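Let me give you the structure first, and then I'll get to my questions.
Going by the order they are written in, the chains are A, B and C; count residues from 1 in each one.
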Amino acid sequence: MIKRFLQTFSVVPMAGWLLGAFVAVLIEIYFGNLISYYLYLPKIPVLLGTLVALRDPALIPNVLAYDLAVYFIPVLAVSLLSAPLTNALAARMQKMPLWAATLIHIVAFYAILHLWAGISDYRVLVVKLTMISIILTVSLNIINGYQGEFSCSHPGFMALGAYTSSVLTLVLFSNDKVFGEALLPAALGPWCFPVILIIGGAVAAIGSLAVAIPSFRTRGDYLAIISLAFMFIIKSAIENMEIIGGPRGLSSQPNYASLPMVFIWMALCIWIIHNFTTSIYGKALNAVRDNEAAANSMTVNTRRTKMIAFMFGAFWAGVAGGLFAHVLRYVNPGTFGIQKLAEVLAMVYFGGLNSIYGSIVGAVSISVLGEALRPLELWKWIIIPLILILVMIFRPHGLISFTEIDMKRVLRPRNTAEGER
Amino acid sequence: MKKLVSAVAIACIVVLCFSTSAMSQRQKTIKVGINAPMTGDIPKVGEGSKYAAEMWLEDVTAAGGIEVGGVKYPVELIVEDNESKAESAVTANTKMITQDDVLIIIGPQSSKQAVPAGDVANNYETPMISPWSTNPATTADRPFVFRGCFLDPFQGPVLANFITEEFGFTKAAVLYDVASDYPKGLAEFFKAAWEEKHGEGSVVAYESFTTKDTDFSSQLTKIIRSGAEVLFTPQYYNEVALIVNQAKDLGWDKPIVGSDSWGSAETVELCGEACYGSFFSTHYAAAGAQGATKEFIDRYNEKYGYVPDDVAALTWDSLGLAQAAIEGAGELTGDIKKDRRAVRDALAKVENFEGITGNMTFTEEGDPQKCAVIVKISDTGAYEFYKSICP
Amino acid sequence: MEYFLQNVVNALQWGSFYAVVSIGYSMVYGVLMLFNFAHGDIFMVGTYIGFGIATLLLAMFSAILPPWVIFLLVVVITMCLASLVGVFVEYVGYRPLRGAPRASAAITGLMIGIIFETGNLIILGAQRFSFPALIESVSYNIGGVYFTNVKVLIIVASLILMAALHTFIQKTKWGMAMRAMSYDFLAVPLMGVSINVIAPLTFAIGAGLASVAGVLYGQAYPVLDPYMGIALGWKAFVAAILGGRGSIMGAALAGYLLGFIEIFVAMVFPSTFRDLIAYSIILVILTFRPRGFFGMAHSTRLRL
């Protein structure tokens, strides 16, 4: 049955799925309220209705009916029926350069996501936080997956980026009680925000040298506690700096981290890290992980490789921190502690080491689960760990590990056999 | 293919049949959001808020709902866990405002969640009352955010004055949690007030530790050596028990003074005899309470088996304030945005609300003017009303 | 001078907990080469078990038996029950992952820890409990240095525990098997020593030690809460690795060292900077002694 089902839909290319999703989102926008009214749902269910269904189990059939009517049936029907058309489209795009085809798909994907999230501000927030987790997870995968360390300092890097960028935006673009009048006109703010994020990332990258340099001499477990100590040091240092709020934190950052902004940074992050890991540096990283001495004798400069990996991972963690601070518009040192560390580690190892694809899956599933299971209150923290334990037992390397994204394969038309491309 | 289509069709029909059977009555309700830390560092605080809210709901339901403009509306509580995390408090608030269409939000309790969550509430023009957050930033420049308790800048000087008048001491020591917003703020205000009275350097030891620490021996040894006459420690009840006991073991025999965070029934239970004879300032005194306060305490005690702490009492009062504001809003139009604004305006106008923790009138900033109560822990471990200090 | 001595006593007490808990960490780490991130929460569960047993025994026998007998009974019963918890954790979280990447086992450990914390919250509610005093605390003052009989008991009991464990590891057959296992993980099973016996044994001993530490902890810091194991667990992790792989003595010394660093940093510098300075010291130590104190010159890279 499932096999038949999969076989039926194997002819649908990525473009077809996107078209189906687009139609479903349109249905939700125009008829969502009506459908949910007739199904006795209080409102358009945000996360496929899990929040409503778990709070009031009597509504489970209604939620299922809504999901079927709005998502599953339109997506499946449209994608299947339009398969000939979209396959032709995919074939045409195959002739374009790969980057152009990818870009078209990403823009289309973003448009759908934007429309879907636009229905509710809660969705927007969940999507933004999920995308920030993706950046964090993918960047931690460079250090823990590709380079094979067990680094615990990611929340520290994130804190560096978050505080640097917050201080910059507060000093430059907002009239703050602590930092005084804005130095630059506020209209410039959104345009300078990317630069500020980069500065935040750069500060995190420089901070990462404190962990990278000891890593020349030691590896694995000793590095784990060096990085853990680093995280504690950063947290304690921020707590002692009165000028940036100490434990009270910094608040009222300007609202620059809009949905497109976060999305662009996430897409950039995935693209650049993908290129990095498939480049010669990525191979060098794997070589250092698998056998440092052998890598050294094969003319890999291990010190430089390690340093680059740490700085690169920390840079993106800093960017993620900057975005995080501007999404929440509040940061405090307590956020960047053990709890955050456990969360990011779980995402990386759940998704799978050495795979950007896996990291995305891990980050999305854990962040969305965390939101979707909200109504379960305490039981949420029994169920999520149980799922993780089961995944670890049955797939010890994580859900999807050691797999690279192959855009060409993802975007190809599906009406011809794969070999004939 | 045909099989597949028919299977999907059958599934649809079955699901539709079920969904009509689960028909619920469509009725306009007033939704009240509770944003509380059910998990994380301080689950007890979340539990207290939830219980107080459940008791309030019982009362309201028994009365047939809240009456606004001659119509009685049933009330529904939406309780969200903020996991004691800032980001979770923000998502919880956003969810309740945009998804559940709550009319008013009660919570979050600690300042580290109330400050960012208040920003969300204010942006969406939804009234929010934080019962327990004492950080000035929570309500500053936020017309839609209110609080149910007094602030650190009030409580610090109250305690400094009280100690000076009561004992005539001139040298004080402070021990506080540097990583936690509330104790740190209060410690600073106390220090400032004390040094203003007794001159620079009259706080002879100003020591700190980090959240989750359980050993304070090094700091206490330093404090004892400094020659302080009184120890002020604005900590939560679980840490109070450890601090006071360790201080006694290290030979400290002078008075210890605390703040409103001591005001939990568990303080004495955990601390034992070492705490007897200490003083602390709080919002209300459970022992020796009269009238409505006593009624609340007795009911809570009967229902949940322990004397409510100040969080529960303040949550109860915040809910009372919310109810008063909703009733005073005139009418509910059904347009949630308009209704929220009406409730906010009514809330700002509330005057002399008689709560179980004292009478309240909001200032411009949305902070209540309230009296602080100094409580003494008696020789039998009961909380005795000692003194009331008003602004 | 007495100020200094007072802090030595303080540090000895505080360091004892780090030492005993980090030995449990270090044993699992030495034998199986795994981080047992559930160890802090095993300590928490052990303390709660001790709390339950102590309350029960005090209610039943406090009139008949002298306090020290009750104390010993509590320690022994708690130790046995907590060992079962250790074995359970090994069986559920670590055995299925043998041969998997080490980090995966670290994640299951973390998750089991979260389940313990939340489970505790669900079963016992948010209320904090006060560990009953099994031995009445008497305060002594010798030349300006204050200490209590509980403090002495903690320090002595920890030393006895460590000595007992050392003898067990060095003199018995089982101890030898464990040492062999930590020396060569692959060859020893070929010699007829089953890892399926040694691994649960290691976990059981670690959990038993942690629970005794928990009972002692309950005497010194009698407030119990479901998250009490996290901070202690992570710091014990630092101490275990600082001590060097597979070195019980190293872990114990590193535990005491950590206690001394924390106490004395707070003594000399403003206590606000305690964490900042304490961890900077550890960072510097590891930069210059990258294998800890007693670490073997083993390669410690992650098996992937």
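Miscellaneous remarks
One rule holds for everything that comes next: a contact is a pair of C-beta atoms (placed from the backbone, for glycine too) under 8 Å apart; a residue touches a chain by one contact, two chains touch by 3 or more.
Computed from a predicted model, the values in this text were never measured in an experiment.
Taken together, the touching pairs cover every possible pairing of the chains. For chain pairs A-B and B-C, the one joined by more C-beta pairs in contact is A-B. Per-chain CA centroids place chain B at a distance of 36 Å from chain C.
Touching two or more other chains at once are residues 38-39, 178, 210 of chain B. Looking at chain C, one finds that residues 118, 121, 230, 272, 274-275 touch two or more other chains. Shown for chain A are the residues in touch with two or more other chains, namely 235-236, 239-240, 378, 381.
Residues of chain B touching chain A in their complex: 1, 4, 8, 11-12, 15-16, 18-19, 21-24, 26, 38-39, 79-81, 85-87, 90-92, 94-95, 97-101, 111-112, 115-116, 119, 124, 135, 137, 178-181, 184-185, 210-211. The touching residues of chain A, when paired with chain C in their complex, are 144, 148-150, 210, 213-214, 217-222, 224-226, 228-230, 232-233, 235-237, 239-240, 289-290, 292, 338, 342, 345-346, 349-350, 353, 378-379, 381-382, 384-386, 388-389, 392-393, 396-398. On chain A, the positions that touch chain B within their shared complex are 4-5, 8, 39-40, 42-43, 46, 51, 58-59, 61-62, 64-65, 68-69, 73, 120-122, 125-126, 129, 235-236, 239-240, 246-249, 251-252, 324, 328-335, 339, 371, 374, 377-378, 381. Contacts from chain C toward chain B in the complex involve residues 3, 6-7, 10-11, 13-14, 118, 121, 125-128, 130, 137, 139, 141, 146-148, 151, 221-223, 225-228, 230-231, 262-264, 266-267, 270-272, 274-275. If you check the complex, the residues on chain C that touch chain A are 29, 35, 92-93, 96-97, 99-101, 103-108, 110-112, 114-115, 117-119, 121-122, 230, 234, 237-238, 241-242, 245, 272-276, 279-280, 282-283, 286-287, 290-292, 295, 300-302, 304.
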